[in-house]
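Going in written order, the chains are labelled A, B and C, and every chain counts its residues from 1.
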Amino acid sequence: MDFSFTKQEELFLQMIREFAEKEVKPLAAEVDEEERFPMETVEKMAKIGLMGIPIPTQYGGAGGTNIMYGMAVEELSRVCATTGVILSAHTSLCAAPILEAGTEEQKMKYLPKLASGEWIGAFGLTEPNAGTDAAGQQTIAVEDGDSWVLNGSKIFITNGSYANVFIIIAMTDKSLGTKGISAFIVEKTDPGFSIGKKEKKMGIRGSATTELIFEDCRIPKDRQIGQLGKGFNLAMKTLDGGRIGIACQALGIAQGAMDETVKYTKERKQFGKSISQFQNTQFQMADLETKVQAARLLCRKAHYNKDHGLPYSAEAAMAKLFAAETAMEVTTKAVQFHGGYGYTREYPVERMMRDAKITEIYEGTSEVQRMVIAGKLFK
Amino acid sequence: MNIVVCIKQVPDTTEVKINPQTGTLIREGVPSIMNPDDKGGLEFALQLKDKYGAHVTVITMGLPQAEAILREALAMGVDRAILLTDRKLGGADTLATSSAIAGALRTMDFDLVITGRQAIDGDTAQVGPQIAEHLDLPQVSYMEDLQYDEATKTFTIRKQLEDGYQILEMQAPCVVTALASAVKPRYMSVSGIVTAWDKEVEVWGADRINVPEDRIGKTGSPTSVFKAFPKQLKPAGETFEVTPEEAVELIVNKLKEKHII
Amino acid sequence: MNLAEYKDVYVFAEQRDGKIQNVALELLGKARELADANNEKVVAMLLGKGIKDKAQTLIEHGADKVLVVDHDLLEHYLTEPYTEAITQIIKEQKPSIMLLGATTIGRDLGPRVSARNVTGLTADATKLEISDDEAHEFRMTRPAFGGNLMATILCKNNRPQMSTVRPGVMQKMAADPSRKGEVVDYAVQFDEKKIARVKLVKTVKEEKTVTDIAAAKILVSGGRGVGNKDGFAKLEALAQELGGEVSSSRAMVDAGVMPQSRQVGQTGKTVRPALYMACGISGAIQHLAGMEESELIIAINKDKFAPIFSVADLGIVGDLHKIVPMLTERLKSMQK
């Protein structure tokens, strides 16, 4: 058993920490406050190859590991959860399924642009009436000559208004249930495709979460991705990977809140001593630190499995479940340790607590993760 | 164009703390980094590579673990990395260090040598100019900008002064020492990191550089450390935890007492 | 090398545009002390063009002899002609000790001279002394490791024993117009072809809005705790009230909040004002290295355990963002 990083991963950690600290952290409060998509950060990330970490070099990626990708999401989220989820949705939900199921032509067409960051990616599965029960898809794709024609809408789509390319899940044969669901690649400029309203959210407020609208959206035949009727499987597999990304985002948020709390409790004096010296602080923080570390190990194990071609569905669910709940607990307590100041926007823990909540919800709620884990347990 | 950048691995002195009980340095956990001015110099070199397709070599003299900064340089985009390491080179002061590095440079083809202005562990700013002297090359230190004219092979350098700057021209081959504050070094790229171990780091010993033994290492060092000791801090005055109003009173009284106001 | 042949303390009398730099006078003050300890002379080396009339100033501040090298090629500082001129002086005069200011000129010239003459050079010494034992060794003490350690350096077997010293570290002697000394015109041969390798295109002075914090009597200095430009505006207001200048720790310079010209510390400037108000500065050792000689240090910091309090004459544990504006108001009302 080996818990150590490769030399490359160690060097990567050094780089991403510095990048997060110097380029991302200074913008975090502003991006949240103004609900602004940090395009300048995405451009900087693109320049050094962060938008294509685990994409193989033959498709223009960096050829890195998923462990590295997870480190990137964690370190970015540690200072700015918005930036973390932009990278996670782009990589796990758009590039990954193309890599997984795309034809060689599709890979050559989309992956280099996604890897270089010239294009941003997104993923559309959720609908107003198909959330946790994703099988209830109402978006319909109909074959028409050399085209597919899509009708319907998607909601809560991360990167929505900034993405150039979308993986869209739609019903191709309603009579077959989940076996009648297929996946498509839609480009921003396709006729009949438009961006709907932008959500006003509690947290990750800089990420552009929007509705996608398809009104006789006509796309060429070769945009259908993976086998016809296997779209649901592709979506589930995509979410398995995406969940590790979100787990890493939650982990980063938790770590960020730990950093802030350690710093604050050492500085803040009450009753003549710093509050870090009280046993209540120490015991609670020790418990939280242990949970954060456990979450990290779950995240790393899930990405390790993915890197090594091992099954990772249940591992991803456990990582996300535990990391998300840890993030919520750590950030809630972080606010408590900060007292009145923690409730204000003078300190970042308030933002972190709002950001943490979404990790228990998107890409499968904590309840869904429990279903996945139990499903494996009792199969 | 061939450029050689001389870099050094240094302890991050901003992370060094003093044990208040013993007055000694706490070196444990202090990260080793690429010296900031050297990294600035490396960025200048990589910009010339981007513009003119220059071939960039980095060289460092140090212990075997200095390989780490060479890998970092490879991940930033340099073409070649050399580690000059030998027990015979140990204990060198700036003069002996510069002799050894100049010896290595003599075996290479270059148009420009870039060093950092100074290293944060020593702050001497000597090795760059001394290398230039050993090689009998012109040099400009405190460089904050660098332009190159391909036709005339001329470098135009902006040199920082205390109260302004100078513009100087120099023809290749030559030496410059760079300021970290003048440029923002690029981050290592992800693909650079992934492939940083694909290239070989050349390890050179003292036998490779053809410098007399009385000019390198401890023997070749005119200066020696007589003693080193932790800095004596003056005894502390009084510290008060009071309300802002009381604080203002204390400060005003102190300023009056010392006839500042 | 016959060490006995080498004697006297030589000072590079840095001038810019014909103006003798303060650091040269400070070095003469120290050189005087060192020379007296060994019964030697203080010799100033004055290089430039049309600068002979400045020799008297150097004598008044402690020089016994001034070697004036007056040449067209020395009008503006350039590495090669200055290195060559000093080298010829060394070869012919055999100085025992040579001091230079740790300026952009001295720190360029010093290493070049030391390498050409194969001798040792100590950078940025803060203490220079002749040991009071029989050896009469020249001991040069300097901060190392970012100011965390002090190291005493010897240059036993090579001459001259060279050192640079930062401006503001040594004390100059009060000018004594009655002091007598010898002024010598010193001729030097130059290799013009070698000098032509570097061409000075122009020298640009930047607007004097950049105040020299090293010369300020009062400094209100800010660190990480000040946070941003708005925070520094509060310091600015206080500095104005006190008739002082604003300076900064390295953290705020690195963060791009303050210009490097206002940085105090190991990699910035050494200051010793009458009052140093450290606001929100934790007091990393490299910062302390640049300001601990200040006559009065008042520190305001939120962290009771901040190392700055260990050097402060008066320490206030509190929020500078509250205290500084209140203090400014208070001083204003006292003026009225």
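Everything below uses one rule, namely that contacts are C-beta pairs under 8 Å (C-beta built on N, C-alpha and C of every residue); 3 or more make two chains touch, one makes a residue touch a chain.
Since the model is a prediction, treat every value here as computed from it, not as a measurement.
Relative to the C-alpha centre of chain C, the farthest chain centre belongs to A. Distance from per-chain Cα centroids to the pooled protein Cα centroid is smallest for B. Across every pairing of chains, the maximum count of C-beta contacts belongs to B-C. Here the spacing of chain B and chain C, counted between their Cα centres, is 21 Å. Centroids of chain A and chain C (each the mean of its C-alpha atoms) stand 54 Å apart.
Averaged Cα coordinates give chain A a centre that lies 40 Å from the centre of chain B. Within chain B, the positions touching two or more other chains are listed as 241.
Each of the following residues of chain A touches two or more other chains: 269.
Touching of two or more other chains is recorded for residues 304, 317 of chain C. By the touch rule above, chain B contacts chain C in their complex via residues 11, 13-14, 16-18, 20, 25, 93-95, 98, 120-130, 132-134, 138-142, 156, 159-171, 174, 181, 221-231, 233-234, 236-245, 247-248, 250-252, 254-255, 258, 260-261. On chain C, the positions that touch chain B within their shared complex are 79-80, 83, 103-104, 107-108, 110-112, 114-116, 118-124, 137, 139, 143-158, 197-206, 208, 210, 218, 242, 250, 260, 266-267, 274-275, 284-286, 288-289, 292, 295-300, 304, 307, 309-319, 322-323, 326-327, 330-331, 334.
Those residues of chain B that touch chain A in the complex are listed here as 71-72, 75, 186-197, 241. Those residues of chain A that touch chain C in the shared complex are 266-267, 269, 274. Those residues of chain C that touch chain A in the shared complex are 302-304, 317.
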